[in-house]
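Reviewing the structure listed below.
Should a chain be cited, it is by its letter among A, B and C, assigned in written order, with residues numbered from 1 in that chain.
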Amino acid sequence: MDAEQTRAVLATMWRIRAFEERVGQLKRADEVHGLIHLSIGQEGVAAAVCGQLRTDDAVYSGHRAHGHALAKGAPMTRALAELMGRRDGLCRGMGGSMHLVDVEHGFLGATGVVGGNIPLALGTALALHAAGRDAVAVVFFGDGAVQAGLFAESVNLAALWRLPVLLVCENNGFAEFSPRSAHTPVERVRDVVAPYGLVGGTVDGNDVDAVWAAVAGLLPAVRAGEGPALLECLTHRLRGHYEGDPDRYREAVSSAEWRERDPIARLQRAATGDGRLDPDELPGFERTARDQVERAVLAARESPFPDAALAASLAYRR
Amino acid sequence: MTDPATDTAFDGRGLGTERLVELYRQMVRIREFEERVKRTFAEHPGVIRGHTHLADGAEASIVGSVAALRPGDQLTATYRCHGYPIALGSDTAAMMAEIYGRATGTCGGYGGSMHLCDPERGFLGTSGIVGQGIPHATGAAWAAQIRGDRDVVLGFFGDGASKQGAFHESLNIAALWKLPVVYVLENNSFSAGVRTEQEDANAAAGEPLATKARAYSMPGVTVDGGDPLAVYDALSAAVARARAGEGPTLVESRVYRLSAHGNSIAPPGVPLHYPEHEAISRFGAVEEYEAAKRGDPVPRFRAALVAGGVLSDALARSILADAAEEMQHAVDTALAAPFPEPAAALEHVYAEAPA
Amino acid sequence: MSTHETTYIGAVMEAIDLEMARDERVLLLGQSVGGRPDDPFVQRYGENRVRVTPISETAEIGMAVGAALAGMRPVVDATMAEFLLVAMDQVVNEGNRFHHMSGGRVRVPMVLKAGYGFTAGWAGQHTGSIYGMFMGVPGLKVALPSTPADAKGLMASAIRDDNPVLFLHHYLLTLDRGEVPDGEHLVPFGQAVIRRPGADVTLVATGWTVPMALAAAATLAADGIEAEVIDPRTIAPLDTATVLASVRRTGRLVLVDQATRHASVSAVLAAEVAEAGFDALRAPIVQVTGLDAGIAYSRPMEEHVLPDEAKVVAAVRRVVEYSGTRV
């Protein structure tokens, strides 16, 4: 990552961090309702992957989708309005946190059932391939999805048909509420896809430079039609599975340990250390992001709730 | 007198003449049964309804696998299920009656060709949906693990099923829980009318399907499914591992299905028959199919046994004659057997509590 | 009979606990089951019988079928009804088929436990009341408890049943408290219960809509309209006889169903009563159901598509005031 790229990625990460911290507060104040999954601590993957995509590349995410949507370019105000159930939300208040969609920015959607997005991304990749375009489909999923049947069905077909799809697994070591060791004897997701000949690798997802480099290494071949790839990012989910999760299944991370791992702090240390960024410019990223979030909150609050009858009128395309 | 079966020709397995001949006898019985199913379409039009799937070509794989079991072990299979109960000792007359839809059938005429079972002999049943029996075998293995009797479960399925999510989910859990199950992937190179390399990334890359076992940190082996002793060896090792509590194995048994995927599918009124094999009808691969016929595991094993001095021509002829007579009896009694009462259709919808 | 107070979900788990203690063939598996040495079920029954699973619904439910074929009585905690859809074949085309297609030679005693109706901002993929799509599946039984006591009694009966049972507990009732019989408590399947007697109109409701129908009945009683509230408790088997007998007394039927209206429990009951009780009806049957749409995230839209007490009250008034034209 050069200095400009680093600035862009850092700005995105701060936007996600500030957005999600605010969403956590809004959830507690009941301004955001329903089931909320936060990705605090995992922003680096979203920022480094989406930072190298084009608008016409397609991105799919799952139930933990805020970061991916924002990183792909979804306007923060409309994302927040969606979480607050407002008319100006990305989905007019129909979808909420788990079902964000922003077709305009190539964020084709988040699905709420684990792994359900993977075949969707394959289908988009097939369509892009059939149309002769060099756009790619990218799908984010957690390591829990790897044990679902449709994962293997998808990996086989993606490899067989050499689809332009990048599978990005955010391996946070937990599937829902239990550690990966309770779900599979295979520690690394790359080992699950290796028998199918998928290229890719495993990186420290909290090392944003490493994620960026890995994506830069994989993406050109995927785009050139040489077949799918898997990027496994080892991350750490700082929050519980969902907001309000009693969180008894995870060992707390000490603040010192977290400072070591926090992808934002790490990137800032690295980038100032090697001279890409000036230490003086760092506070600006956070301040800008938090200001933007506050403006988004105010704007979203201004947006009215949707007309209730919209719910039934959208059941079918008329 | 030395037992030829312990000679080098048979790798000193110690199976003994009697068991080797018995393996051959079971192969012949399966082949004869399947031939009579097939002939029924021509000789007794309309007697078999719906869909049948034959095991001809897989006899060595079936017999070699079942030979590795002991009483108390169990198995599940697919809609291509006639061979297993024959090898387990089920009554072939009742099986044929089931395929003919008669009240005296194995399942009283409720199941038909695709849903044979014989729980008393450990054959728990089949799923007619590709891949969906794999978790059933896995669950039965979980039950065996809990019982603690060191029983083992075999789960039979085809190459197409290895692309089903049920395969992936089941093998992962079985490896994780070290379940006493052996997955027997009978790779007959075709999923109905699609060649395996058209739908499988490993096959397309020229790799064995057993490669998939690596995704679960599970041993995967590929064996010549046309050789009952090679299958027996592979299964014996896998069963021993499972019995010892060391977990599952994926065994890919390479077979060549000698009949078409199933009988023709046609609306009522159109006579059913067994069409030409897909290798020829869809791919024009006449020589491939002829080569498979030349490699037919039944005469191949007979020749090996005869060459090894285990089987005489006279005994081979008598085994064939006995099997022909047994299956003639199966056909005759099934044809003469009564149909179920129509209203019996509403029985067994729900299991009633035992009295 | 002595009782104690507990929550709806507590009653469900109490039944599983008692049945696991009573019968060592009863197993428990699922994505949110056990998984920790300090889990009370693991401590009581061991990790062999209480197993956390990966996110592998087809294997979880298919393994339950296989374990049942091999003599066990597994309970799968599928967490949410929609997750059953990932494994639809195993739910509606495997376990429920085996007894019949084996001519009675094998049995598949298993329970699929799942929450439903998460209409609390869970949006499109977790909120459905999808029980209707399972009630017409031969070989499968479906229980929809509405009270803690029934939750306990139906779960115990489900575990002892020799067939696959879909046990659906309503998310919005999770923490409702009620008196539950101590010790062994069995509620038979296929027996509706009259929650409140009344002579003017029959109200049939399931799950979360039972308290709604009872509240509506209380409101109507203030106006002199006596509604009889019937809770079928299981929808497969479905006790149409109790509903018909009630309609013969009241002459009027209002059906409350949280599910979408098309192909719903209420539609089935309406057809049965229209066919067998036409002569007893003094007014058209009216259904108060969810609207035929997915559940939207935003609160005003979520509320719009669901039945509520006011809709039930209005429907009853229309039926009671029916004068020979349209309701």
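The working rule: a contact is a pair of C-beta atoms (placed from the backbone, for glycine too) under 8 Å apart; a residue touches a chain by one contact, two chains touch by 3 or more.
Because the structure is a prediction, the values reported are computed rather than measured.
Chain contact graph: line, ring, star, complete or other?
Topology of the interface graph: complete, with all chain pairs in contact.
Counting C-beta pairs in contact, does A-B beat A-C or the other way around?
Between A-C and A-B, contacts are more numerous in A-C.
Would you identify the chain whose C-alpha centroid lies closest to the centroid of all protein C-alpha atoms displayed?
Smallest centre-to-centre distance to the global C-alpha mean: chain C.
Select the chain at the greatest separation from chain C, using centres from the mean of Cα atoms.
B
If you average the CA atoms of chain B and of chain C, how many Å lie between those two points?
41
On a C-alpha centroid basis, what's the spacing between chain A and chain B, in Å?
46
How many angstrom lie between the CA centroids of chain A and chain C, rounded to a whole number?
Chain centres of chain A and chain C, defined by C-alpha means, are spaced 36 Å apart.
Multi-chain contacts in chain A: which residues touch at least two other chains?
Answer for chain A, listing residues that touch two or more other chains: 147-150, 182-184.
Considering chain B alone, which of its residues make contact with at least two other chains?
In chain B, 165-166, 168-169, 172, 176 touch at least two other chains.
Among all residues of chain C, which ones touch two or more of the remaining chains?
53-54, 56-59
In the complex formed with chain A, which residues of chain C make contact?
31-32, 35-36, 52-59, 82-83, 86, 120-126, 291-305
Using the touch rule from the top, collect the residues of chain B that touch chain A in their complex.
Checking each residue of chain B against chain A gives 163-169, 172, 175-176, 199-202, 204-205, 211-217.
Show me the residue ranges of chain A that touch chain B in the complex, using the header's touch definition.
My answer: residues 147-153, 155-157, 159-160, 182-186, 191-197.
Provide the residue numbers of chain B that touch chain C in the complex, in ascending order.
Residue list for chain B touching chain C: 74, 76, 105-112, 115, 117-119, 124-125, 127, 129, 132, 134-146, 153, 165-166, 168-170, 172-173, 176-177, 347-354.
Residue numbers of chain A touching chain C in their complex, please.
33-35, 82, 85-86, 89, 91, 93-99, 111-116, 144-145, 147-150, 175-178, 182-184, 249, 305-306, 308-315
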